[in-house]
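Before I ask anything, let me first share the structure, which is written out below as structure tokens.
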Amino acid sequence: MEQELTKKTNILEGSSPVSLDQLPQQDYNILNLGPTHPATHGIFQNVLKMDGEKIIDAEPTIGYIHRAFEKIAENRPFYQVTTLTDRLNYCSSPINNMGWHMTVEKLLGVKTTKKVDYMRVIIMELARISDHLICNSVLGVDTGALTGFTYVFQLREKIYDIYEEVCGARLTTNIGRIGGMERDFTPKFWQKLKEFLDEFPKIFNEFDSLLTRNRIFFDRTKNVGGISAERALNYGFTGPNLRATGVDYDVRAMNPYSSYQDFEFEVPVGETGDCYDRFLVRNEEIRQSIKIIEQAMKNMPEGRHFVDVPEFYLPPKQDVYTKMEALIWHFKIVMGEVDVPVGEVYHSVEGGNGELGYYLVSDGGRQAYRLHFRRPCFIFYQAYPELIKGSMLSDAILTMSSLNVIAGELDA
Amino acid sequence: MLSTYFIVKIILVLVLFLVTLTMAAYSTYAERKVAAFLQDRLGPNRAGPFGLLQPVADGVKMFMKEEIIPNTSDKAIFILGPSIFMITALLTGVVIPWGPDINVNGTNYPLQIADINIGLLYLFGVVSLGVYGIMLGGWASNNKYSLLGSVRASSQMISYELAMGLSVIGILLYTGSLSIKDIVIQQQGMHWNVFYQPLGFIIFLVCAFAECNRAPFDLAECETELVGGFHTEYSSMKLGLFLFAEYIHMFISSAVIACVFFGGYDFPFIGKLGLSPNIFALVGVVVLFAKIIFFIFFFMWVRWTIPRFRYDQLMKLGWQILIPLGLFNIFVTGGWLTLKNYLNW
Amino acid sequence: MSNVKLVDTPNGHAGEGYFATSLDKVIGLARANSIWPLPFATSCCGIEFMATMASNYDLGRFGAERLSFSPRQADLLMVMGTIAKKMGPIVRQVYLQMAEPRWVIAVGACASSGGIFDTYSVLQGIDKVVPVDVYVPGCPPRPEQIIDGILKIQELVKNEPLRRRNSEEYKELMASYGIM
Amino acid sequence: MQNITNTLEINHSYILERIRERIGINLLEFDHPYDILTITINKECIIDLLLFLRDDEILKFDFLTDICGIHYPNNKHREIGVIYHLHSLINNIRLRIKTFASSEDPTFLTASLIYASANWMERETYDFYGAIFQGHKDLRRILNMDEMNYFPMRKEYPLQDGTRTDKEDKYFGR
């Protein structure tokens, strides 16, 4: 009976976990956007108060995929936290991995070699490209142009191929280790990377020309969901969304990590911080990333792909079977029986969405005492009601997708 | 004599009904294939050779799906919505001349069900009735997304119907007739209206997109905003009727564009081949369908290429650009005709 | 075209100009080749689902590229990604709103069993709230695996008797989930 | 103004000096772990300090990077901590501020009136640790369910869900 009843109740009314009387009814219309609405991509809910199609107010609710990352991190040895960082911003998981490794290296006082740094830079910039590609193409999908999405997804598949060559995984890569990379780049990797760089401009320009100069797309995104630089800073915006407002804050340039100071690249900025600027900034960052990768390829130093931290860097498998020390270290690392120094570290990297920070408090034990992720999405998504107030329903959806809110990062 | 007349008409009606449904069904298939082609994909290819049985599979599945009528909806109107939409879509085909006359035993049978002397007006009238289907369906669902969709649909239809009407007035001034058959005959021999009325054609085309609720004007159902718009609450074949009727609309719109602007069954040099009347008629039908299929492809091409408008931009385009342009077109055409008359060209 | 495996004709009686088979089979075949999925994508697996829909893997080949975000119109609920306890009731709600016949596929370790997130806030598998037909392992599964899952669903759909949804067993199953 | 900033060496001791000038004995501890100046202050003067740091024409700590909570069950009367990360984007220098309160009365002052970004970060801290921010307009749970009756990130609560029945401990070596 219940099934029949629920089936026959209205989709909208049925699925609204937030009671609508939390908002004053008056003459306004209450529209429940999410959590299963197609435009919310990840999962979050917005209860919109609307006057016709105009949005008067919005009340976001998040936490629909809260997975307790920080609690898990307190119960796992350090090397197992990498799998968690993968699932934070899953569009650009290698950046998260590397950020975490660098945090631990900072705590241990390990200085990585240029070779490791450059390898990391290549992987991180590939991740940035794939992150921005998905955001910009999904912005296209939300305006109704689905085709660009399928074009750039072919590029993403190429990036996945490259990842697979390095670590065997596509999306949640678990790439790299504390103290270096798991293995050196193979010749096939370089060949695939070259192919990718050769093919990239053609497909990407096609995508670019499909949207950037499209009049409808321009009209849809220009002056939509804009925010001033002051408000953006006050709201804690970072990354492309902040740069679209005109503030050139980029962690890579300001606090260079992983030898970013060796590379020449520009930090693109917008003016108005609207959806179109965000789109352009991301597109330009993709081009800059390509430039960085090319430089890293050209100047790749010789050397080992890891540094000497036997307490954390897993020894090569053949050594484990033949050498006693390697076996001991392997055992200790895998069982998580390595003590770390006491201290607290804050390290941040420029993630796909902005400053991705790791605040690690260690009490000298074998796990983190406290690990807090500064998740850029979580912080800037709270500006969403302010961004969409007074605009139309369609604008709200575009604003949401151009902010590139990733539910995994939002809810931790 | 009268009975033959009726029999011929009934046969024509049945044939048209079947052809329309088949076209609509295969438009869904074509849509998937065209989308796949434009997106570097393959598209359906498992059901039958090249996936040709895909529409059949969809149809059977939809018929066998559970019907849900929400408790909060207005049941009668909920059912009425898709019915109206489908019926009006099917009604539009009757005034279109599908080909030149066929000659059987010395009698001419026109390949048109009804040559009404106000054919174009009839067409506009019936098409604008269709919006009631969307409106009632969306409103009866008692869902806010549906309601928004139907409100968008109705205001869009009303504003674009105006511009659409204005855009053909130029042609009416030319032809002096509202009968589509007359318009087609007048264009024979490559005197296609599109050459004389390019502006009118563009306005008409844009409005046709809007009337069919196709991208970039698919605001009534746009998936990323309104989930499914007016048909969010519909399941089973009622949804099927909505989707189907939309493709029928597309088919008829293409037919009207072909007839009114592209000479209907006319084709260059077709008259010089010296074909016997019946063969000529057949070739004419094929030519018309080729034009229709081209326009259907064009509809899909546009849909899978460009983004959609926002509601207010759509209204602005309709009222501030298309209607003034339509008026301008009438003015110019009228002026030109007057001048021509005056100078006795 | 040569290496595309077309749908097999169901067993039946063929003769001069006709072919007879049972209605069950025809309908099963039609349903199997016209599965409209409702992507309930919450996290990482959703991105792999996008890859499945996109050019390289193209789910559209199996007649399943028409996504329907309205549960009324969907045949297959694809739950992809972690379902937190906060989300559980909503999954159930969406399932309830779907029209029969409906199928559920749990894509990824999280949807199947909670995955690596054995925590206080995560629902340990969506089969706690809705019956699941096919589980796809992986964290996240590769697109090939997702396609394999869909093919498994197609097998189920093809072979399902028309009366199954009215049977006692089915009612019992629903009752065990508190769905009457 | 620009000249002063340029000529003056803004280092940790300078910042410390300025902060000490401002809040005096409320500055309890300071340290420089891994190159970030970390100060522990009395919770009452956090708003005063944040405002001062933001508006000071030389320091310009105008960007609130992060707020997070921490739980030290063994520190009597200072169990629940709230940690602020500030960033002076102009001088490119970071500052970490810690405040503590007892778990019986974990009240703090809200920074959400100064920084809009503090709104959800404080809600998250409340959700995880039960830290109550006085003056916060909308202090509700944000990530967890509203019905939840404990603060899961406190050390005494386990990671796993206690209500599970399907996992037998013996299979997991527990």
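Labels for the chains are A, B, C and D, by order of writing; each one numbers its residues from 1.
The definition used in the following text is that contacts are C-beta pairs under 8 Å (C-beta built on N, C-alpha and C of every residue); 3 or more make two chains touch, one makes a residue touch a chain.
The model shown is predicted, which means the values in this text are computed figures rather than measured ones.
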(message) A-D versus A-C: which interface comes out with more C-beta contact pairs?
(response) A-C
(request) Name the chain with the Cα centroid closest to the overall protein Cα centroid. (result) A
(request) Just give me the whole-number Å value for how far the CA centre of chain A lies from that of chain D. (result) 24
(message) I'd like to verify one number: the distance from the centre of chain A to the centre of chain C, where each centre is the average of its C-alpha atoms, in whole angstrom.
(response) 29
(request) Could you please state the distance in Å, as a whole number, between where the Cα atoms of chain B are centred and where those of chain C are centred? (result) 35
(message) Please tell me the distance, in whole Å, between the geometric centres of chain A and chain B computed from their C-alpha atoms.
(response) 45
(message) Can you pull out the residues of chain A that are in contact with at least two other chains?
(response) 7, 11, 37-38, 63, 66, 68, 71-72, 150-151, 154, 411
(request) Indicate the residues of chain B shared as contacts by at least two other chains. (result) 35, 39-41, 68, 223, 227, 232-233
(request) Two or more other chains in contact with one residue: find those residues in chain D. (result) 143-145, 152, 159
(message) Going by the touch rule stated at the top, which chains touch which?
(response) A-B, A-C, A-D, B-C, C-D
(request) Mind listing the chain A positions that touch chain D in their complex? (result) 62-63, 66, 68, 70-72, 74-75, 106-107, 231, 233-236, 247, 249, 254-255, 343-346, 348, 355, 357, 359, 361, 370, 372, 374, 378-383, 411-412
(request) Flag every residue of chain A that touches chain B in the complex, lowest number first. (result) 5, 7-13, 29-32, 37-39, 53, 140-147, 150-151, 154, 210-211, 214, 216-217, 219-220, 392-395, 397
(request) Would you mind writing out the residues of chain D in touch with chain A in their complex? (result) 33-34, 36, 38, 62-66, 68, 70-71, 83, 85, 89, 92, 94, 96, 115-117, 119-121, 124, 128, 141-145, 152-153, 159
(request) Give every residue of chain B touching chain A within the complex, in rising order. (result) 35, 38-41, 68-73, 141-145, 148, 215-216, 218, 222-225, 227, 232-233, 304-313
(message) For the complex, give me every residue of chain D touching chain C.
(response) 143-145, 152, 157-162, 164, 166-167
